[in-house]
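In the two complexes below, chain A is the common chain; its partner is chain B in one and chain C in the other.
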Partner chain A sequence: MGRIRLENITKNFGGLQVLKGINLEIEEGELVVFVGPSGCGKSTLLRQISGLDKPSSGAILINDRDVTEVSAADRGLAMVFQSYALYPHMTVKLNLAFGLQNAKMPKAEIETRIADAARMLEITPLLSRRPGQLSGGQRQRVAIGRAIVRDPTAFLLDEPLSNLDAELRVSMRAELGALHARLGATMIYVTHDQVEAMTLADRIVVLRGGQIEQVAAPIDLFERPANRFVAGFIGAPSMNFLTPEEAASLNGTPPAGAALIGVRPQHLEPADSGLTLTVTLVEALGTETVIHGEIAGGKRLLLTLPGHRPVQVGGQLTVNADPARLHFFDAQDQRIG
Partner chain B sequence: MNPIRFLFRRKGGKGWHWTDLVTWVWLGTGLLIMFGPALWLVLSSFKSPTQLAEFPPTILPYVSQTAEVGINGEVKELPLYTAVTEDGQVRTLAEVRRIGTVAQMVDPDAPDTVYKVNINDRRPVRQVGFEIENYLKPLQAFNFGLYLRNSVFVTTVATLITLLTNSMAAFALSKYEFRGRNGVMLLIVATLMIPLSVNLVPLYSVVSKLGLLNSLWGVILPTVATPTGVFLLRQYMLTIPDELIEAARMDKASEWQIYWRIVLPLTAPALAVLAIFSVVWRWNDFLWPLIVLSRKELFTLQVGLNTFAGELNVQWHFILAMTVATMIPVVVVFVFLQRFITAGIAGTGLK
Partner chain C sequence: MRSDVKTWIGAGVTAPVRLLAQMADVPLRQWQRLAGRGGMIGFFLLPNMLIFGVFVLVPLGINFAYSVTGGTAVFLPDRSYVGGANFDRLLDCTNHFDPNSCRDDVFWIAVWNTVRFVGLQVTAMTICAMITALILNSKIRARAFWRAVFFFPVLLSPVVVGLIWRWILQRQGLLNYLLYQFDAEQVNWLTERGWAFTAAVGVSVWAHVGFYALILLAGLQAIPRDLYEAAEMDGTKPARAFWRITLPLLWPNLLVVIVLSLIRAVQVFDEVYVLTGGGPGTSTLYLTQYIYEVGFASTLRNSGVASAASLLMGGVLVVLTLLQLGLTRWRDRK
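Let's look at the complex of A and B:
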């Protein structure tokens, strides 16, 4: 059981409004990812949900119960912090047990829960160590274990992988995904890394400046971004934006009112007619080739081609895209069609 | 490691660099300045009253030699001297009596011949020896055991209360956001500027109204709230990440549990520093206990020591010996907790 509803949440720090009216419904068992640039209010929003902080206005409902005024301890949620926040003076086992002891759980039950969680996360041999004696990845597991033993209504994770090195991050990401599938619990996962968001999420919430820009499944977000910000934020390298004049030579006609045309680097391909660009830089990554170029007006354009392509810096290249792959935005940067 | 080699370690390379020399002299002088007086005190505490009054003073304590001499059928214990007699010979003689600048002396083996020796022509025969009496007498006569018990009680109880109350104040001032937090902190630190002598009279009337005069609690309670302690602990607690406390809060810990099970254990190094400070402060307290306590059986050691200094004469040999004895507990505390001190002082930037 873990349905969470946010109604018109705002949060002010002094005169600064950090959250500007957040409305969101999270279904039971869903893994929702909050993504957005640094400082957009992701952590702040998560803290309102956790109860560590109280919103300036609005309501938070967990399983239809209004918990806005309920303390963090009594919301039944568990949180995994970016810094892991393991108690440095306690052994791993005590770290896991602390929350259960506070809940006055019988000793035997605590033991079985810890044993189960430790087995699931493969940290059984570490139980008698202290956090200082663990590697980053192991600490991460313990932090997740501390959340799991509590059997919470929902898990809240604030950039849990950002302190790990790239390789470990990829494997832990996969493990987290598997863990979610196995536990079937509601999870809210905060990250600024769109790859994490795309791979893990059932639904992604894109935030900017304390507002929700779009809520959608990863592929919908990629294929039908609601506005220019989401279009530019999701996908790497990010989308090219052209004015109707610059895009005139591309296939297809922009709908009425289109002030901006977006095309992803992956969707541009060499063609007989279309946009002609002067190549300024070629990045051969092996699996794909990233080509930087400039079109007539001096606007920079990016395209990626699969595999290795022999392209000369300074040479000319004519590219075009499937009209169905183009994105159109109006003067207010909102999606058309 | 070879201690000689250790003492003469150099920067490297051949010969002595001038920085080696400066370092050596600097540290040597420091050592002398720091430990000279303490060593002097300890050595002097084993000297007899006459030796203490001697000029020029000696560094080592000496005990005069005596010999048992039978004169007129009476056996007496007389001090021995190396003296030059009138015939120019050097003899070891015992002094029978002294009249003005002339001493009447006898050879202990042949006590019938009396030599008259000018006191400038003789030197006492003595060797390095320790006047243990300085310690034993006050330990028996002067109620050392009782004073020690009072001092230990005052020091431990005051230190425990200091640690508890100061850490609670520091916890609130470092981990809770409330209006006027910095103002309160400033007020607490500002009290550092008020010397005890200013506080003495109002403090006395408060303690007296509470009926705590002539009670050890009257010595303990006014001292337990220390601005230094609150400041030191608060600065340390500020370094404990807030996320830890939030994690505990998510773990259903009550505020008391957060304080007791999370914050306090993590503040251990700073607590150790404060404990050392507090022990030294309370152990060495003199003026306040002197004012509060007037019944002899409640005296702490420092106040007790004062009784050796009468109006007309000061019994230096006892004072010195008992000063050494009272230093011992503090030294022991230092030895055991010193690693915390260096870590803690380095961490807080406090002296």
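Let's look at the complex of A and C:
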């Protein structure tokens, strides 16, 4: 198992700085998820850790050993690619064996490792097939199997579920979680899917513009976002942001210096007094109803109510929130309190 | 103003086309009314079919007719029917591997020269095309420029290729001049048997390598980068990655290159004819040149034997073409 430390990692592509001094410690056996919008540098950061790219400056330490200049193969890591990157001309068994053969591992040991991984991932009947003869989910398992047989210090997973359909993604997500629990291995997981991040992670690293915005456990990110970006990025639908003037009719008093008040759609509920909005759109999802509306001044506001609520488009709705559920940000978009 | 000029120029360029289309519209509509949609297909195919017929099918038939006639007369009605005598003359050998034991020894010299040429040229071509494609696929400076440089010889006429290289390789050519400048021994590149054969192969490879490199380059670019990254993570050394990943995935393109270059090498003529004229002696005399010389260049033109030889060569080409078709379909099915 591996402990990974990133010290002031930067990465430049020509004149463009994609990673701007990343510092991070990942503990043994931890599942850390890198999340952020497209172009935030999460995959680039993973590639620096993997050794497929070299950082422009900074150091990468695995189990306290500086591996910044060490080749990808010698870092003892295994990577699961978004496209699975299975060798299409080799059988599943050969795909699993290829890396071990490169390491000149004895045949018997290779056989044992493949058999164990195949049993764990339930791909034993697929060993003689080629990737082209497998479904998306089966390919995904093989890709994970290829990582497992190497018994790596840590697993790096680059959006491994993004090529699967919604239903399969849910089941594979659960399997990945179970696999992490079973192996107890250090895993770094890149995704843009918040649900994957929230359900799988021990800790989430939120990135924006090549910088870490916040590192925290999923529920802490949701309940105590460090700044406006994290508050808006984590949670679906996104948090509503109001100026103190717009939020004047809500319960509670903003602390001194609050320039922005955030309230999640799930934390707004119909009330006798509060913000009055004109309903512009109603999305009935069965399990919940998402209501889009506009408050005085034209600011858009979203709220999510449990179950089915017969709300009329064009109608008026007054909503309010528990003051404890409000988030306050200063003029620099940093959290207050 | 600028867009007005553009519109005006555009209208000027398209006006004749529009006029022609309008002129053709009325008779074509009437023809479609008479012949129906099926008839229109035939109508549009007719010009091509006529060209194909006049320049391929009819000559093929005439060639077959000539191959069963004898004598030196040019016109078919003046020639005598000899049946398979021309084929007998070509194929009559005590030992086919020894041209001296054959009735038409020059034909068999040309056959074995061609076999040797094909073997060496196709091997050299495939290796050179592969190396070129690998280099052009790597991260080199001015990659587009180098791609154009390697493809440029393909655009040259074979006669021009032959002339350029004759100018370089002849006894008092550029290469010997350079050797002289460096006090090195000069070589008779085109008049020594071994060197002439090597020069013929080399020039042919130089002239065509760009085309085959392009086919392989397309194949290389179709291999996902992820596979190499996965291999890198798996600790694969570059040479092993080439043998275990690149080569198997490039195999379909490689097959096309091998078969196409095989077909082209069997037909080798123009650039080598200009370069060496088939010499010294008969060391670079290949089948097409044999056919040309027997049928057209010698004082006593033997069109019957030349036709029979070209039919035999055609048979080989048909087999190779069918092989290519079969392999392409097999690849598509995979």
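Operating definition for what follows: the second predicted complex is superposed on the first by the 337 of 337 C-alpha atoms of A that agree within 3 Å, B and C clash if a C-alpha of one lies under 4 Å from a C-alpha of the other, contacts with A are read in each partner's own complex, and residues count from 1 in each chain.
In the analysis below, a contact is a pair of C-beta atoms (placed from the backbone, for glycine too) under 8 Å apart; a residue touches a chain by one contact, two chains touch by 3 or more.
Every value quoted in this text rests on a predicted model; they were computed, and no experiment measured them.
Steric overlap between chain B and chain C is present once the structures are superposed on chain A. Contacts of A:F98 after superposition: both chain B and chain C are touched. Touch criterion met: A:A78 reaches chain B and chain C at once.
Of the two partner chains placed by superposition, A:F229 touches none, neither chain B nor chain C.
On chain A, the surface touched by chain B in one complex and the surface touched by chain C in the other have residues 50, 52, 71-74, 77-79, 81-83, 85-89, 98-99, 102-103, 146, 150 in common. Residues 50, 52, 71-74, 77-79, 81-83, 85-89, 98-99, 102-103, 146, 150 of chain A are the ones that touch chain B when the two sit in their complex. By the touch criterion stated above, chain A contacts chain C in their complex at residues 50-52, 71-74, 77-79, 81-83, 85-89, 98-99, 102-103, 146, 150. Remark: chain B residues 241, 243-244, 246-254, 257, 261-262, 265-266 touch chain A in the complex.
Listed in rising order, the residues of chain C touching chain A in the complex are 224, 226-227, 229-237, 240, 244-245, 248-249.
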